[in-house]
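These are the structures, in structure tokens.
Shared chain: chain A. Partners: chain B in the first complex, chain C in the second.
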Partner chain A sequence: MSDHDHRTEHKITARQMEDMVALTLISSTVVTGSSDIAEQDTWFCMLVAFALVIPMLWVHSQILELYPGRDYYGNILRACGPVAGKAVLAALLLYSLLLGSMYLRVFGEFIHTLNMPETPLIVILCAIAATVIYTLKNRLYVVARLSKFMILVLIFSILISGILGIGKMDFNNLKPVLQRGFEPIYRGSLLIFALPMGEVVACGPLFGGLDRKSKIFPTLLKGTVIAVLALLFANVRNLLILGRAATIFTFVSYECVSTISIGEFLTRFEVLIGFNLLLGGFVKTCVFLFSTCEGVAKLFGMDDYEPLAAPCMLLMLTISQIVYANMEEVFNCEEYLPYASLPFQVALPVAVLIVGKIRLAGKKKRRKPKKQICTVPSAESGAAQGP
Partner chain B sequence: MTLVIFLTFFTVVVWVDLRRVLQEKAKKKYLWFALFAYTAALVVNIMIDSGMDIPSFSGAAEQLLPKL
Partner chain C sequence: MKPWKKIVLALETVLVLSLCVGCWNYHEVENYTIIAGLAIDKGTGGHKYHLTFECISLMGGKDTPPQPVLIEADGDTIFDAVRGTISMTDKKLYFSDCKVVILSKEIAENGIKPLMDFFIRDSEPRLTLNFLVSDEPTAGEVFRPKLASQQPVSYQIAGMLQSQYALGRVLAIPLYQMYDILGCSETCDESLTLPNVRVVKTKGSEMVQTSNNVVFHQDKMVGTLPEEDGIYYLMLRNKLSGGLIVTGPDGGKDITLEILKSSASIRPEVSGTNATMKIAIQVNAALAEENTDSLQYNLANEKFRKVEKMGAETIEQNVKKLVADDQKDYGADIFGFGKRIYEDNYSDWKALSPRWEKVFPKVKCEVHAEVRLKNAARAYPKEGT
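Now for the complex of A and B:
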């Protein structure tokens, strides 16, 4: 039975949905760190990117509310028609598939590079893939329930690493503020908007399983706020502890937390960062896989996404091996990613909403009953009839 | 070595998944997509392991798209 079936028992609560959205946005960025284009002003770029993503959250919530059912891809098909709708659907599902492959590769590379350098990368990717397939075959509500637990662990680890690292923080690392002008701020904000804020487009299909009493925009907004606060805290922590040196590391948060220790016996706190990536990355991969499976199901008129989990995950696993040639390309992708992502994150959803609203307005106009013209009998005809 | 590991994983996933799909009559309509996906995954992985130079998505995008 599909999670979009209103008769299903397993509805996802608003809180679980917020946590899923937050984990989708946080996961890899909390480990690799956000763009370092603006260096010590990256925290400012995050706030600007958050302000820019709020209208997009509204756009996604409006698409979900275009027609009853809160079926994101279904509403796109209804709004744009069968041909254009399927083209848009194909673009969005391919985007989800590609993003899922990219992040699967990043997670695998993290574990391979830092923890298991002698283990072949394919083993790590297969282990993650198997777990994701099994989880999604047990339905989306399992991912939602896991998210509620995982977000607590993630936030706790971010907070504890910040508190323990207070002794190593130098608040002068925040200065000078806006030293290099607004051009790095603009570029940094655009990059943070594209990666990871704009990826909230992949969270649209999740809302089909949301409890009907819960509202969409507040849920999306709260999830994004949790993500922004966590990323802001992690970024400022990295900056205060590492300073300008943060820009030279591949996995900034990992290097930052590795400097933290309590005396001589409590060390290696960077394992918390590994937890963060595994937990957040797992949910993120599940969300992208669900978005892909749901898109394929809607595109080909299938009832349910569950039988597509294994085939789509194998495709994602395969693409993850060819999406990047090496780790250098992972970080070079910052240069062109905004231009690659903006059509899928902004242009397509906005176009769908505009077309959907116009068609809806046209339908309402056609359904309006015709005005009846009432003839009022004249005084002469009334007098002629007489008593 | 990589291909052996992938083939082992692939075999387990395909066997478990296809068995379920074929057992339940309602799921047989998913068979064609599943076969397409499995074939594509297998072929591409064989190509990667045979040393074929497959251009990465990232490399191609870096050449085609403007830089920030």
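Now for the complex of A and C:
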């Protein structure tokens, strides 16, 4: 079967796409445990961030539907013209590349810090990179199919850790509710909006492979809802079990689940969080790499992203090594990342949509008079014929 | 896809996953010295800490139980002392199975927050690790006795802490909850307690015992709660799931009630700079023993209500005494009263928090206890029998 056949025959179903979007949004925060700025009110920040991201989901779905073909980057190029379009494209793909590299580093650091301190970080990252390249070389639908399976494992592990941890939960840890003023809520919501909700921008290019019968906005929304529910559950579990101590750990979920045990014979459940990382982090890296490759392919007028998978991954791998000097920087940058991300997550997509809509409306207007001139004699235009 | 194919594929996936585990960090168990517990004393020779590690020796035959071996080292930090042991033993210490950390009184009095950092930061020690304070002159002495069971002292102490649900004397606070309380002390001024441990010498043998709660003011040890107050302290902290209340008419101690379930709710009321804690305690118990010549109380008897009342009065008196003594002697908010105000009346707490240390000793307590007897164990003796 040729490559082209591969691409056309294996469409991604709406369900697979939802799971892929959900895994992209969940994976890193399920390990690091999301915002600590608002402490016990983080659950509220998640709901605020979710409410804020819904309009952005609509914006992305509208960009995908600007022109036929559901080609996110292609539509940006058509909407903004070759020069501005390529500039926007370059910005978005660089954002994907940088964010993908940062997450790759976080996943590597997680394994390196907690499980394999003697294994060099680069070896861990190379192992992840090789698997990601191999999977993407086998086309995106492979990642989509994997997602459908992986999301079940992830949700099961989050649920089971929550249920087994009920005995250790102190529900007073949720108090005082929304009493600490506006500032922590605002900063917490902004952080969660930017990381991970706004990262949905990297999912835009995935929709080129979506089954044509499936609608884009409901698919994006369902994926985000699954992610929000999983993140809420994980965050509340961490807070109820660890209390204030949840704010001091690098990988909160991992530490939280490590306290859970059933007697002496069932202990060390944190391996479940390790699973979450491997599964979710893998899909997330695949999505960011795909987004980068697709952007580069469109930028340079290439037919397909596949030859770019390995070079872009190597670039990602290299950047991941230099992007942070140490692990502390990963968490320090959380303070600035929301502001740095907003142009890519909000400003550019909204601008593209506005320009695209205006240009589309302009084209229609220009087409209309022509149509009227041509079609006046025909019976097609009843208005022109008059009563 | 047929179901059997799915099963085969799932099994294959598990097999592949199991083959893909990281082997770079693979270690043989013989290459490690497994630590069961460690004791921290003040250092010698200019060093800050002196650590005594109770290690599990895996030497010996199949039928020989693991023998505890002691290793001692000095260091300026905990990790410095840990790594210092490599010069004495060719193996690296392995902390994943470490159950307890014993602190000397001197160390506890100087503040424990700095030395907790290693245990919370390093990836090997578990967050469920328990800290205790030694009653002996040094912490290392706790590991010296040869127990009749031949098992490591650390494992025996860990077992005793786990069995507290049936005794209700000391409150075992795992490492992550210690951090929660000490972290909270910055905003809620909550204070910590840790169990103590001592060596008890009986004829021909030695054993370890943990029976008191050591009081900390923030992270510094300031005193010890009396042994008999332990159960009421746990009751107030809502951590009691067993234990006995000995009560009787006119302050007597003839009747033993076995606690089946206990729950306490603390409702703060703040007016200006005064705070009142309304404490409601509900205990479900069983009449476990009536140590009198003539049995008077049974379930069908009206006097049975008297036992419930006696039990409730005993609880109320002891809880009031416990709080008053702590306020007078230590002024340490070990009950989490401040945290309760912080949680339930945040605006009041903002006004109170800057002077909580002065307010806490004057906090009034209104205690209302209710005891419900659920059964009289297996005997049902009649009146006068």
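Heads up, the rule we're going with is that the second predicted complex is superposed on the first by the 361 of 387 C-alpha atoms of A that agree within 3 Å, B and C clash if a C-alpha of one lies under 4 Å from a C-alpha of the other, contacts with A are read in each partner's own complex, and residues count from 1 in each chain.
The working rule: a residue touches a chain if its C-beta (ideal position, glycine included) is under 8 Å from a C-beta of that chain, and two chains touch if they have at least 3 such contacts.
Keep in mind the model is a prediction, meaning the values are calculated, not measured.
Asks: Under the stated touch criterion, which partner chain does A:Thr259 make contact with: chain B (first), chain C (second), both, or neither?
Replies: second
Asks: Is A:Asn115 contacted by the first partner chain B, the second partner chain C, both or neither?
Replies: second
Asks: Per the contact definition in the header, classify A:Lys175: touching chain B only (first), chain C only (second), both, or neither.
Replies: So A:Lys175 only meets chain C here.
Asks: For A:Asn138, decide between first (touching chain B), second (touching chain C), both and neither.
Replies: It touches nothing on chain B or chain C.
Asks: Pick one for A:Val123: touches chain B only (first), chain C only (second), both, or neither.
Replies: Both partners.
Asks: As a test of reading the superposition: which chain, chain B or chain C, is in touch with more residues of chain A?
Replies: For chain A, the partner with the higher number of touched residues is B.
Asks: Could you say whether A:Gly243 touches chain B, chain C, both of them, or neither, answering first, second, both or neither?
Replies: A:Gly243 contacts chain C only, not chain B.
Asks: Please work out whether A:Ala310 is in contact with chain B alone, chain C alone, both, or neither, and reply first, second, both or neither.
Replies: Only chain B is touched by A:Ala310; chain C is not.
Asks: Which chain A residues contact chain B in one complex and chain C in the other?
Replies: After superposing on chain A, chain A residues 123 contact both chain B and chain C.
Asks: Touching chain C in the complex: which residues of chain A?
Replies: Within the complex, chain A touches chain C at residues 111, 113-119, 123-124, 172, 175-176, 179-180, 242-245, 247-248, 255, 258-259, 261.
Asks: Residue numbers of chain A touching chain B in their complex, please.
Replies: Residues 37, 98, 120, 122-123, 126, 129-130, 133, 187, 190-191, 296, 300, 302-303, 307-308, 310-312, 314-315, 317-319, 321-325, 329-330, 332-340 of chain A touch chain B in their complex.
Asks: Considering the complex alone, what residue numbers of chain B touch chain A?
Replies: 1-2, 5-6, 9-10, 13-14, 16-17, 20-21, 26-27, 29-30, 33-34, 36-38, 40-41, 44-45, 48, 54, 56-59, 61-62, 65-68
Asks: Would you pull the chain C residues touching chain A in the complex into a rising list?
Replies: 22, 24-25, 120, 123, 126-128, 174, 176-177, 179-180, 183-184, 339, 342-344, 346-347
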